[in-house]
Amino acid sequence: MQFGLLNAVRETRLPLRIYYEDTDAGGVVYYANYWKFCERGRTEWLRALGFEQQTLLDEAGLAFVVRKVEGDYLRPARLDDEIVVNTVMADARRASLKFTQYIERGTERLFTATVSIACLDLASGRPAAIPEHIRKTLEAAA
Amino acid sequence: MQFGLLNAVRETRLPLRIYYEDTDAGGVVYYANYWKFCERGRTEWLRALGFEQQTLLDEAGLAFVVRKVEGDYLRPARLDDEIVVNTVMADARRASLKFTQYIERGTERLFTATVSIACLDLASGRPAAIPEHIRKTLEAAA
Amino acid sequence: MQFGLLNAVRETRLPLRIYYEDTDAGGVVYYANYWKFCERGRTEWLRALGFEQQTLLDEAGLAFVVRKVEGDYLRPARLDDEIVVNTVMADARRASLKFTQYIERGTERLFTATVSIACLDLASGRPAAIPEHIRKTLEAAA
Amino acid sequence: MQFGLLNAVRETRLPLRIYYEDTDAGGVVYYANYWKFCERGRTEWLRALGFEQQTLLDEAGLAFVVRKVEGDYLRPARLDDEIVVNTVMADARRASLKFTQYIERGTERLFTATVSIACLDLASGRPAAIPEHIRKTLEAAA
(Lines give C-alpha, C1' and ligand atoms only; values in the text may rest on other atoms or scores of the structure.)
Protein backbone atom coordinates (compact mmCIF):
# COMPACT_ATOMS: atom_id res chain seq x y z
CA MET A 1 0.00 0.00 0.00
CA GLN A 2 1.22 3.46 -0.86
CA PHE A 3 1.50 5.81 2.08
CA GLY A 4 0.16 8.87 0.24
CA LEU A 5 -3.09 7.09 -0.54
CA LEU A 6 -4.26 6.48 2.98
CA ASN A 7 -7.76 7.83 3.43
CA ALA A 8 -9.89 8.08 6.52
CA VAL A 9 -7.64 5.67 8.41
CA ARG A 10 -9.18 5.98 11.78
CA GLU A 11 -11.77 8.15 13.36
CA THR A 12 -11.67 9.21 16.98
CA ARG A 13 -14.57 10.77 18.87
CA LEU A 14 -13.73 13.10 21.78
CA PRO A 15 -16.67 14.21 23.97
CA LEU A 16 -16.30 17.68 25.51
CA ARG A 17 -18.34 19.90 27.80
CA ILE A 18 -18.74 23.66 27.14
CA TYR A 19 -17.70 25.84 30.11
CA TYR A 20 -17.89 29.60 30.72
CA GLU A 21 -14.27 29.97 29.54
CA ASP A 22 -15.34 28.80 26.05
CA THR A 23 -18.16 31.31 25.59
CA ASP A 24 -18.29 35.03 24.82
CA ALA A 25 -20.63 37.97 25.41
CA GLY A 26 -22.68 36.90 22.37
CA GLY A 27 -23.88 34.00 24.55
CA VAL A 28 -22.24 31.31 22.40
CA VAL A 29 -18.83 29.66 22.03
CA TYR A 30 -16.17 32.15 20.86
CA TYR A 31 -15.23 31.35 17.25
CA ALA A 32 -11.48 30.81 17.86
CA ASN A 33 -12.21 28.19 20.53
CA TYR A 34 -13.47 25.62 18.02
CA TRP A 35 -9.83 25.40 16.93
CA LYS A 36 -8.84 24.52 20.51
CA PHE A 37 -11.41 21.71 20.47
CA CYS A 38 -10.03 20.49 17.12
CA GLU A 39 -6.48 20.46 18.47
CA ARG A 40 -7.63 18.40 21.48
CA GLY A 41 -9.23 16.02 18.98
CA ARG A 42 -6.05 15.63 16.92
CA THR A 43 -3.97 15.12 20.07
CA GLU A 44 -6.31 12.31 21.21
CA TRP A 45 -6.24 10.81 17.70
CA LEU A 46 -2.44 10.68 17.93
CA ARG A 47 -2.55 9.36 21.49
CA ALA A 48 -4.94 6.59 20.38
CA LEU A 49 -2.15 5.46 18.04
CA GLY A 50 0.28 5.42 20.95
CA PHE A 51 2.12 8.73 20.42
CA GLU A 52 2.42 11.82 22.58
CA GLN A 53 3.52 15.17 21.18
CA GLN A 54 5.83 15.85 24.13
CA THR A 55 7.70 12.56 23.52
CA LEU A 56 8.07 13.31 19.82
CA LEU A 57 9.52 16.69 20.77
CA ASP A 58 11.92 15.34 23.41
CA GLU A 59 13.15 12.24 21.54
CA ALA A 60 13.31 13.36 17.93
CA GLY A 61 13.22 17.16 18.08
CA LEU A 62 10.18 17.01 15.81
CA ALA A 63 6.85 18.76 16.05
CA PHE A 64 3.63 18.58 14.07
CA VAL A 65 2.69 22.17 13.19
CA VAL A 66 -0.44 23.54 11.56
CA ARG A 67 0.10 24.94 8.04
CA LYS A 68 -3.39 25.61 6.77
CA VAL A 69 -6.93 25.49 8.14
CA GLU A 70 -10.41 25.90 6.71
CA GLY A 71 -13.46 26.05 8.95
CA ASP A 72 -17.22 26.35 8.47
CA TYR A 73 -19.35 27.60 11.35
CA LEU A 74 -22.78 25.98 10.92
CA ARG A 75 -24.54 26.37 14.28
CA PRO A 76 -23.30 27.81 17.60
CA ALA A 77 -22.49 25.72 20.67
CA ARG A 78 -23.66 27.11 24.03
CA LEU A 79 -22.82 26.96 27.74
CA ASP A 80 -23.31 23.49 29.29
CA ASP A 81 -23.58 21.80 25.87
CA GLU A 82 -22.03 18.38 25.41
CA ILE A 83 -20.28 18.20 22.06
CA VAL A 84 -18.21 15.58 20.27
CA VAL A 85 -15.09 16.30 18.20
CA ASN A 86 -14.66 13.79 15.36
CA THR A 87 -11.19 13.49 13.84
CA VAL A 88 -10.39 11.58 10.64
CA MET A 89 -7.03 11.42 8.87
CA ALA A 90 -7.81 12.32 5.26
CA ASP A 91 -4.31 12.04 3.80
CA ALA A 92 -0.74 11.23 4.84
CA ARG A 93 2.40 12.13 2.93
CA ARG A 94 6.14 11.87 3.62
CA ALA A 95 6.28 15.03 5.75
CA SER A 96 2.64 16.05 6.19
CA LEU A 97 -0.81 14.93 7.31
CA LYS A 98 -4.25 16.20 6.53
CA PHE A 99 -7.26 15.89 8.82
CA THR A 100 -10.97 16.32 8.40
CA GLN A 101 -12.70 17.25 11.64
CA TYR A 102 -16.29 17.96 12.58
CA ILE A 103 -17.97 18.93 15.81
CA GLU A 104 -21.46 17.72 16.68
CA ARG A 105 -24.08 18.20 19.39
CA GLY A 106 -26.19 15.06 19.24
CA THR A 107 -26.99 14.67 15.55
CA GLU A 108 -26.53 18.36 14.74
CA ARG A 109 -23.34 19.33 12.98
CA LEU A 110 -21.95 22.61 14.43
CA PHE A 111 -18.53 23.02 12.80
CA THR A 112 -16.45 21.35 10.10
CA ALA A 113 -12.76 21.82 9.41
CA THR A 114 -9.85 20.66 7.31
CA VAL A 115 -6.39 21.00 8.85
CA SER A 116 -3.04 20.52 7.10
CA ILE A 117 -0.14 19.60 9.36
CA ALA A 118 3.58 19.55 8.60
CA CYS A 119 6.25 17.58 10.44
CA LEU A 120 9.03 20.04 11.36
CA ASP A 121 12.59 19.62 12.57
CA LEU A 122 12.64 22.24 15.32
CA ALA A 123 16.42 22.83 15.21
CA SER A 124 16.44 23.74 11.51
CA GLY A 125 12.82 24.91 11.24
CA ARG A 126 12.50 22.79 8.07
CA PRO A 127 10.06 20.08 7.03
CA ALA A 128 11.17 16.61 8.11
CA ALA A 129 10.03 13.13 7.20
CA ILE A 130 7.53 11.64 9.65
CA PRO A 131 9.54 9.06 11.69
CA GLU A 132 9.43 5.51 10.29
CA HIS A 133 7.77 3.93 13.36
CA ILE A 134 4.92 6.46 13.23
CA ARG A 135 4.45 5.90 9.47
CA LYS A 136 4.31 2.14 10.02
CA THR A 137 1.66 2.58 12.69
CA LEU A 138 -0.39 4.80 10.40
CA GLU A 139 -0.16 2.19 7.62
CA ALA A 140 -1.09 -0.65 9.96
CA ALA A 141 -4.12 1.32 11.08
CA ALA A 142 -5.33 1.68 7.50
CA MET B 1 -28.82 22.55 61.33
CA GLN B 2 -27.75 26.10 60.65
CA PHE B 3 -27.02 26.87 57.02
CA GLY B 4 -24.00 29.07 57.72
CA LEU B 5 -22.24 26.24 59.52
CA LEU B 6 -22.02 23.83 56.63
CA ASN B 7 -18.45 22.72 56.13
CA ALA B 8 -16.92 20.59 53.43
CA VAL B 9 -20.33 19.32 52.31
CA ARG B 10 -19.30 17.38 49.32
CA GLU B 11 -16.14 16.91 47.35
CA THR B 12 -16.06 16.36 43.61
CA ARG B 13 -13.04 15.18 41.65
CA LEU B 14 -12.78 16.28 38.00
CA PRO B 15 -10.01 14.63 35.93
CA LEU B 16 -8.54 16.82 33.16
CA ARG B 17 -5.91 16.45 30.47
CA ILE B 18 -3.40 19.24 29.72
CA TYR B 19 -3.38 20.33 26.05
CA TYR B 20 -1.18 22.77 24.09
CA GLU B 21 -3.79 25.51 24.61
CA ASP B 22 -3.15 25.37 28.38
CA THR B 23 0.64 25.80 28.21
CA ASP B 24 2.91 28.77 27.53
CA ALA B 25 6.41 29.40 26.16
CA GLY B 26 7.86 28.60 29.61
CA GLY B 27 6.94 24.97 28.85
CA VAL B 28 4.36 24.71 31.64
CA VAL B 29 0.68 25.54 32.19
CA TYR B 30 0.05 29.32 32.00
CA TYR B 31 -0.74 30.61 35.50
CA ALA B 32 -4.17 32.07 34.69
CA ASN B 33 -5.39 28.74 33.31
CA TYR B 34 -5.48 27.08 36.73
CA TRP B 35 -8.47 29.36 37.38
CA LYS B 36 -10.20 27.92 34.29
CA PHE B 37 -9.67 24.44 35.70
CA CYS B 38 -11.08 25.56 39.06
CA GLU B 39 -14.17 27.03 37.40
CA ARG B 40 -14.74 23.73 35.55
CA GLY B 41 -14.48 22.02 38.94
CA ARG B 42 -17.05 24.28 40.58
CA THR B 43 -19.42 23.89 37.62
CA GLU B 44 -19.22 20.08 37.91
CA TRP B 45 -19.68 20.33 41.69
CA LEU B 46 -22.90 22.29 41.08
CA ARG B 47 -23.99 19.92 38.30
CA ALA B 48 -23.45 16.94 40.66
CA LEU B 49 -26.08 18.56 42.89
CA GLY B 50 -28.45 18.81 39.94
CA PHE B 51 -28.03 22.46 38.96
CA GLU B 52 -26.81 24.11 35.78
CA GLN B 53 -25.67 27.72 35.68
CA GLN B 54 -27.55 28.41 32.44
CA THR B 55 -30.84 27.26 34.00
CA LEU B 56 -30.26 29.40 37.07
CA LEU B 57 -29.69 32.36 34.77
CA ASP B 58 -32.73 31.72 32.57
CA GLU B 59 -35.23 30.81 35.30
CA ALA B 60 -34.30 33.07 38.18
CA GLY B 61 -32.11 35.77 36.61
CA LEU B 62 -29.44 34.82 39.13
CA ALA B 63 -25.74 34.15 38.64
CA PHE B 64 -22.97 32.96 40.91
CA VAL B 65 -20.09 35.41 40.50
CA VAL B 66 -16.55 35.28 41.87
CA ARG B 67 -15.79 37.94 44.51
CA LYS B 68 -12.39 36.94 45.84
CA VAL B 69 -9.72 34.36 45.07
CA GLU B 70 -6.47 33.24 46.64
CA GLY B 71 -4.15 30.80 44.90
CA ASP B 72 -0.85 29.09 45.69
CA TYR B 73 1.24 27.74 42.82
CA LEU B 74 3.19 24.78 44.24
CA ARG B 75 4.44 22.82 41.21
CA PRO B 76 3.85 23.33 37.48
CA ALA B 77 1.63 21.08 35.35
CA ARG B 78 2.96 20.20 31.88
CA LEU B 79 1.74 19.18 28.42
CA ASP B 80 -0.01 15.77 28.36
CA ASP B 81 -0.32 15.63 32.17
CA GLU B 82 -3.44 14.16 33.69
CA ILE B 83 -4.57 16.26 36.62
CA VAL B 84 -7.53 16.16 39.01
CA VAL B 85 -9.43 19.22 40.25
CA ASN B 86 -10.84 18.69 43.75
CA THR B 87 -13.67 20.96 44.84
CA VAL B 88 -15.01 21.23 48.39
CA MET B 89 -17.61 23.64 49.67
CA ALA B 90 -16.07 25.22 52.75
CA ASP B 91 -18.91 27.52 53.77
CA ALA B 92 -22.41 28.54 52.69
CA ARG B 93 -24.26 31.66 53.74
CA ARG B 94 -27.52 33.31 52.72
CA ALA B 95 -26.13 34.94 49.58
CA SER B 96 -22.63 33.49 49.22
CA LEU B 97 -20.58 30.31 49.03
CA LYS B 98 -16.93 29.61 49.71
CA PHE B 99 -14.92 26.83 48.07
CA THR B 100 -11.58 25.22 48.75
CA GLN B 101 -10.05 23.71 45.64
CA TYR B 102 -6.83 21.88 44.95
CA ILE B 103 -5.29 20.44 41.82
CA GLU B 104 -3.24 17.26 41.90
CA ARG B 105 -1.15 15.14 39.53
CA GLY B 106 -1.17 11.70 41.09
CA THR B 107 -0.27 12.34 44.73
CA GLU B 108 1.52 15.63 44.04
CA ARG B 109 -0.34 18.79 44.90
CA LEU B 110 0.20 21.44 42.19
CA PHE B 111 -2.16 24.27 43.12
CA THR B 112 -4.50 25.22 45.98
CA ALA B 113 -7.17 27.91 45.98
CA THR B 114 -9.96 29.46 47.98
CA VAL B 115 -12.78 31.09 46.04
CA SER B 116 -15.58 33.26 47.41
CA ILE B 117 -18.74 33.36 45.32
CA ALA B 118 -21.74 35.69 45.58
CA CYS B 119 -25.24 35.05 44.32
CA LEU B 120 -26.25 38.09 42.23
CA ASP B 121 -29.56 39.31 40.85
CA LEU B 122 -28.49 40.24 37.33
CA ALA B 123 -31.22 42.82 36.76
CA SER B 124 -30.27 44.90 39.81
CA GLY B 125 -26.64 43.85 40.04
CA ARG B 126 -27.16 43.29 43.78
CA PRO B 127 -26.55 40.32 46.06
CA ALA B 128 -29.53 37.97 46.22
CA ALA B 129 -30.44 35.09 48.50
CA ILE B 130 -29.52 31.69 47.11
CA PRO B 131 -32.87 30.13 45.97
CA GLU B 132 -34.59 27.99 48.59
CA HIS B 133 -34.49 24.74 46.56
CA ILE B 134 -30.72 25.06 46.07
CA ARG B 135 -30.20 25.80 49.79
CA LYS B 136 -32.26 22.74 50.71
CA THR B 137 -30.19 20.58 48.40
CA LEU B 138 -26.98 21.92 49.94
CA GLU B 139 -28.31 21.17 53.43
CA ALA B 140 -29.42 17.68 52.47
CA ALA B 141 -25.98 17.00 51.05
CA ALA B 142 -24.34 17.97 54.34
CA MET C 1 -21.77 52.47 -7.15
CA GLN C 2 -23.08 49.00 -6.50
CA PHE C 3 -22.70 47.80 -2.93
CA GLY C 4 -21.66 44.28 -3.83
CA LEU C 5 -18.70 45.53 -5.80
CA LEU C 6 -16.90 47.26 -2.99
CA ASN C 7 -13.34 46.05 -2.83
CA ALA C 8 -10.61 46.80 -0.35
CA VAL C 9 -12.55 49.79 0.99
CA ARG C 10 -10.30 50.60 3.86
CA GLU C 11 -7.37 49.00 5.52
CA THR C 12 -6.70 49.27 9.22
CA ARG C 13 -3.43 48.36 10.89
CA LEU C 14 -3.57 47.22 14.53
CA PRO C 15 -0.20 46.81 16.32
CA LEU C 16 -0.12 44.11 19.01
CA ARG C 17 2.44 42.74 21.45
CA ILE C 18 2.82 38.99 22.07
CA TYR C 19 2.49 38.01 25.75
CA TYR C 20 2.94 34.69 27.57
CA GLU C 21 -0.82 34.05 27.37
CA ASP C 22 -0.53 33.90 23.55
CA THR C 23 2.23 31.29 23.41
CA ASP C 24 2.33 27.53 23.98
CA ALA C 25 4.87 24.90 25.05
CA GLY C 26 6.19 24.77 21.47
CA GLY C 27 7.70 28.20 22.23
CA VAL C 28 5.58 30.03 19.66
CA VAL C 29 2.10 31.57 19.44
CA TYR C 30 -0.66 28.92 19.77
CA TYR C 31 -2.36 28.47 16.41
CA ALA C 32 -5.91 29.32 17.54
CA ASN C 33 -4.76 32.68 18.92
CA TYR C 34 -4.12 34.17 15.48
CA TRP C 35 -7.92 34.16 15.15
CA LYS C 36 -8.17 36.24 18.33
CA PHE C 37 -5.78 38.76 16.78
CA CYS C 38 -7.86 38.79 13.59
CA GLU C 39 -11.06 39.42 15.54
CA ARG C 40 -9.39 42.35 17.34
CA GLY C 41 -8.43 43.66 13.89
CA ARG C 42 -11.98 43.43 12.53
CA THR C 43 -13.38 45.09 15.66
CA GLU C 44 -10.98 48.02 15.26
CA TRP C 45 -11.81 48.21 11.56
CA LEU C 46 -15.51 48.54 12.48
CA ARG C 47 -14.72 51.01 15.27
CA ALA C 48 -12.70 53.14 12.79
CA LEU C 49 -15.95 53.50 10.82
CA GLY C 50 -17.73 54.63 13.96
CA PHE C 51 -19.50 51.41 15.01
CA GLU C 52 -19.25 49.27 18.12
CA GLN C 53 -20.49 45.69 18.23
CA GLN C 54 -22.15 46.18 21.64
CA THR C 55 -24.21 49.11 20.31
CA LEU C 56 -25.29 47.14 17.26
CA LEU C 57 -26.41 44.37 19.60
CA ASP C 58 -28.27 46.64 22.03
CA GLU C 59 -29.96 48.93 19.49
CA ALA C 60 -30.79 46.64 16.62
CA GLY C 61 -30.54 43.13 18.06
CA LEU C 62 -28.03 42.36 15.31
CA ALA C 63 -24.65 40.68 15.46
CA PHE C 64 -21.92 40.03 12.93
CA VAL C 65 -21.05 36.34 13.18
CA VAL C 66 -18.27 34.37 11.51
CA ARG C 67 -19.47 31.85 8.89
CA LYS C 68 -16.27 30.66 7.25
CA VAL C 69 -12.54 31.12 7.71
CA GLU C 70 -9.41 30.10 5.85
CA GLY C 71 -5.97 30.63 7.32
CA ASP C 72 -2.38 30.04 6.21
CA TYR C 73 0.34 29.79 8.85
CA LEU C 74 3.55 31.03 7.19
CA ARG C 75 5.97 31.77 10.05
CA PRO C 76 5.50 31.62 13.83
CA ALA C 77 5.25 34.69 16.08
CA ARG C 78 7.13 34.50 19.40
CA LEU C 79 7.05 35.94 22.92
CA ASP C 80 7.72 39.72 23.05
CA ASP C 81 7.24 40.11 19.26
CA GLU C 82 5.50 43.21 17.96
CA ILE C 83 3.10 42.27 15.19
CA VAL C 84 0.60 44.19 13.08
CA VAL C 85 -2.84 42.92 12.08
CA ASN C 86 -3.95 44.29 8.70
CA THR C 87 -7.66 44.20 7.92
CA VAL C 88 -9.19 44.89 4.51
CA MET C 89 -12.83 44.56 3.51
CA ALA C 90 -12.78 42.43 0.37
CA ASP C 91 -16.51 42.33 -0.37
CA ALA C 92 -19.83 43.57 1.03
CA ARG C 93 -23.25 42.21 0.23
CA ARG C 94 -26.76 42.82 1.55
CA ALA C 95 -26.35 40.59 4.62
CA SER C 96 -22.68 39.66 4.64
CA LEU C 97 -19.11 40.96 4.57
CA LYS C 98 -15.85 39.37 3.58
CA PHE C 99 -12.45 40.33 4.97
CA THR C 100 -8.88 39.65 3.97
CA GLN C 101 -6.49 39.84 6.90
CA TYR C 102 -2.76 39.37 7.27
CA ILE C 103 -0.41 39.52 10.22
CA GLU C 104 3.13 40.83 9.87
CA ARG C 105 6.26 41.22 11.99
CA GLY C 106 8.17 44.04 10.33
CA THR C 107 8.20 43.09 6.66
CA GLU C 108 7.72 39.36 7.28
CA ARG C 109 4.27 37.97 6.67
CA LEU C 110 3.33 35.44 9.40
CA PHE C 111 -0.33 34.62 8.75
CA THR C 112 -2.99 35.32 6.13
CA ALA C 113 -6.73 34.78 6.44
CA THR C 114 -10.04 35.26 4.71
CA VAL C 115 -13.10 35.60 6.93
CA SER C 116 -16.75 35.57 5.85
CA ILE C 117 -19.16 37.31 8.19
CA ALA C 118 -22.96 37.24 8.26
CA CYS C 119 -25.27 39.83 9.78
CA LEU C 120 -27.73 37.95 12.03
CA ASP C 121 -30.96 38.90 13.73
CA LEU C 122 -30.39 37.40 17.17
CA ALA C 123 -34.08 36.95 18.03
CA SER C 124 -34.81 34.80 14.97
CA GLY C 125 -31.29 33.48 14.39
CA ARG C 126 -31.68 34.35 10.71
CA PRO C 127 -29.59 36.44 8.30
CA ALA C 128 -30.58 40.10 8.32
CA ALA C 129 -29.77 43.02 6.05
CA ILE C 130 -26.90 45.17 7.27
CA PRO C 131 -28.55 48.36 8.62
CA GLU C 132 -28.85 51.18 6.11
CA HIS C 133 -26.65 53.67 8.03
CA ILE C 134 -23.81 51.15 8.19
CA ARG C 135 -24.14 50.36 4.48
CA LYS C 136 -24.03 54.07 3.64
CA THR C 137 -20.87 54.49 5.72
CA LEU C 138 -19.26 51.55 3.95
CA GLU C 139 -20.17 53.02 0.56
CA ALA C 140 -18.88 56.47 1.50
CA ALA C 141 -15.61 54.92 2.61
CA ALA C 142 -15.15 53.27 -0.79
CA MET D 1 19.56 51.61 50.90
CA GLN D 2 18.60 48.07 51.72
CA PHE D 3 17.17 46.10 48.81
CA GLY D 4 14.46 44.39 50.80
CA LEU D 5 12.96 47.69 51.83
CA LEU D 6 12.06 48.97 48.40
CA ASN D 7 8.44 49.97 48.31
CA ALA D 8 6.31 51.07 45.43
CA VAL D 9 9.37 51.72 43.26
CA ARG D 10 7.65 52.55 40.04
CA GLU D 11 4.15 52.43 38.73
CA THR D 12 3.30 51.65 35.16
CA ARG D 13 -0.10 52.16 33.55
CA LEU D 14 -1.06 49.88 30.65
CA PRO D 15 -4.25 50.81 28.75
CA LEU D 16 -6.17 47.85 27.28
CA ARG D 17 -9.31 47.34 25.24
CA ILE D 18 -11.81 44.57 26.03
CA TYR D 19 -12.54 42.28 23.06
CA TYR D 20 -15.01 39.40 22.56
CA GLU D 21 -12.24 36.91 23.44
CA ASP D 22 -12.10 38.38 26.98
CA THR D 23 -15.80 38.05 27.74
CA ASP D 24 -18.07 35.12 28.62
CA ALA D 25 -21.75 34.19 28.31
CA GLY D 26 -22.48 36.19 31.48
CA GLY D 27 -21.88 39.29 29.33
CA VAL D 28 -18.79 40.40 31.27
CA VAL D 29 -15.05 39.68 31.32
CA TYR D 30 -14.34 36.05 32.33
CA TYR D 31 -12.79 36.02 35.81
CA ALA D 32 -9.54 34.25 34.87
CA ASN D 33 -8.77 36.84 32.20
CA TYR D 34 -8.04 39.58 34.74
CA TRP D 35 -4.90 37.56 35.50
CA LYS D 36 -3.90 37.78 31.83
CA PHE D 37 -4.26 41.55 32.01
CA CYS D 38 -2.15 41.61 35.20
CA GLU D 39 0.60 39.55 33.55
CA ARG D 40 0.65 41.97 30.59
CA GLY D 41 1.01 44.77 33.14
CA ARG D 42 3.97 43.12 34.92
CA THR D 43 5.65 42.37 31.58
CA GLU D 44 5.36 46.05 30.57
CA TRP D 45 6.61 47.12 34.03
CA LEU D 46 9.70 44.95 33.46
CA ARG D 47 10.10 46.17 29.90
CA ALA D 48 9.93 49.79 31.12
CA LEU D 49 13.03 48.98 33.20
CA GLY D 50 14.75 47.65 30.08
CA PHE D 51 14.29 43.89 30.55
CA GLU D 52 12.50 41.28 28.45
CA GLN D 53 11.49 37.89 29.84
CA GLN D 54 12.69 36.06 26.72
CA THR D 55 16.20 37.56 27.09
CA LEU D 56 16.33 36.64 30.77
CA LEU D 57 15.41 33.10 29.79
CA ASP D 58 17.92 32.80 26.94
CA GLU D 59 20.89 34.51 28.60
CA ALA D 60 20.65 33.43 32.22
CA GLY D 61 18.32 30.45 32.17
CA LEU D 62 16.14 32.30 34.67
CA ALA D 63 12.42 32.89 34.78
CA PHE D 64 10.13 34.89 37.02
CA VAL D 65 7.31 32.56 38.08
CA VAL D 66 4.14 33.29 40.02
CA ARG D 67 4.01 31.75 43.52
CA LYS D 68 0.95 33.27 45.08
CA VAL D 69 -1.92 35.52 44.03
CA GLU D 70 -4.82 37.23 45.74
CA GLY D 71 -7.52 39.00 43.77
CA ASP D 72 -10.67 40.99 44.57
CA TYR D 73 -13.34 41.35 41.92
CA LEU D 74 -15.07 44.67 42.59
CA ARG D 75 -16.99 45.50 39.39
CA PRO D 76 -17.15 43.71 36.04
CA ALA D 77 -15.49 44.99 32.85
CA ARG D 78 -17.53 44.66 29.64
CA LEU D 79 -17.09 44.37 25.88
CA ASP D 80 -15.53 47.49 24.27
CA ASP D 81 -14.46 48.92 27.66
CA GLU D 82 -11.15 50.72 27.89
CA ILE D 83 -9.37 49.72 31.08
CA VAL D 84 -5.98 50.54 32.61
CA VAL D 85 -3.76 48.03 34.43
CA ASN D 86 -1.69 49.70 37.15
CA THR D 87 1.40 47.84 38.36
CA VAL D 88 3.45 48.78 41.42
CA MET D 89 6.37 46.87 42.92
CA ALA D 90 5.50 46.50 46.59
CA ASP D 91 8.58 44.60 47.74
CA ALA D 92 11.83 43.14 46.39
CA ARG D 93 13.97 40.49 48.04
CA ARG D 94 17.03 38.50 47.00
CA ALA D 95 15.07 35.92 44.98
CA SER D 96 11.53 37.29 44.88
CA LEU D 97 9.36 40.29 44.03
CA LYS D 98 5.92 41.31 45.14
CA PHE D 99 3.51 43.42 43.10
CA THR D 100 0.32 45.29 43.83
CA GLN D 101 -1.89 45.67 40.77
CA TYR D 102 -5.24 47.27 40.17
CA ILE D 103 -7.43 47.59 37.12
CA GLU D 104 -9.55 50.66 36.52
CA ARG D 105 -12.16 51.91 34.04
CA GLY D 106 -11.94 55.68 34.27
CA THR D 107 -12.05 56.39 38.01
CA GLU D 108 -13.84 53.12 38.89
CA ARG D 109 -11.72 50.40 40.38
CA LEU D 110 -12.70 46.99 38.94
CA PHE D 111 -10.08 44.57 40.29
CA THR D 112 -7.19 44.58 42.75
CA ALA D 113 -4.46 41.97 43.14
CA THR D 114 -1.28 41.11 44.95
CA VAL D 115 1.15 38.81 43.15
CA SER D 116 4.25 37.15 44.60
CA ILE D 117 6.92 36.21 42.07
CA ALA D 118 9.99 34.00 42.50
CA CYS D 119 13.14 34.04 40.39
CA LEU D 120 13.81 30.43 39.32
CA ASP D 121 16.79 28.69 37.79
CA LEU D 122 15.06 26.63 35.12
CA ALA D 123 17.72 23.91 34.93
CA SER D 124 17.49 23.06 38.65
CA GLY D 125 13.93 24.27 39.24
CA ARG D 126 15.20 26.07 42.35
CA PRO D 127 14.95 29.67 43.54
CA ALA D 128 17.83 31.81 42.26
CA ALA D 129 19.07 35.27 43.17
CA ILE D 130 17.77 38.00 40.90
CA PRO D 131 20.73 38.94 38.64
CA GLU D 132 22.89 41.80 39.93
CA HIS D 133 22.25 44.14 36.97
CA ILE D 134 18.49 43.82 37.42
CA ARG D 135 18.76 44.44 41.17
CA LYS D 136 20.84 47.56 40.54
CA THR D 137 18.24 48.86 38.10
CA LEU D 138 15.49 48.24 40.64
CA GLU D 139 17.46 50.10 43.31
CA ALA D 140 18.23 53.02 40.99
CA ALA D 141 14.53 53.29 40.17
CA ALA D 142 13.65 53.59 43.86
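Order as written gives the chain letters A, B, C and D; numbering starts at 1 within each chain.
One rule holds for everything that comes next: a residue touches a chain if its C-beta (ideal position, glycine included) is under 8 Å from a C-beta of that chain, and two chains touch if they have at least 3 such contacts.
The shown structure was predicted, so the numbers you read here are calculated from the model rather than taken from an experiment.
Both chain C and chain D are touched by A, B.
Counted by residue number, the contact pairs of C-D are over half the same as those of A-B, the matching pair from A-B, B-D or A-C.
Among the remaining chains, the Cα-based centre furthest from that of chain C is the centre of B. If you average the CA atoms of chain B and of chain D, the two centres end up 25 Å from each other. Mean C-alpha positions place chain A and chain D at a centre distance of 35 Å.
Put simply, the C-alpha centre of chain A and that of chain B have 30 angstrom between them.
Multi-chain contact residues, meaning those touching two or more other chains, occur in chain C at positions 20-21, 25-26, 32, 36, 39, 54, 78-79.
In terms of which chains touch, the assembly is arranged so that all chains touch all other chains. By the touch rule above, chain B contacts chain A in their complex via residues 17, 19-21, 36, 39-40, 43, 52-54, 78-80.
Residue ranges on chain C touching chain B, taken from their complex, read 20-21, 23-28, 30, 32, 78-79. The touching residues of chain A, counted against chain C in their complex, run 25-26, 31-33, 35-36, 39, 54, 57, 63, 65-73, 76.
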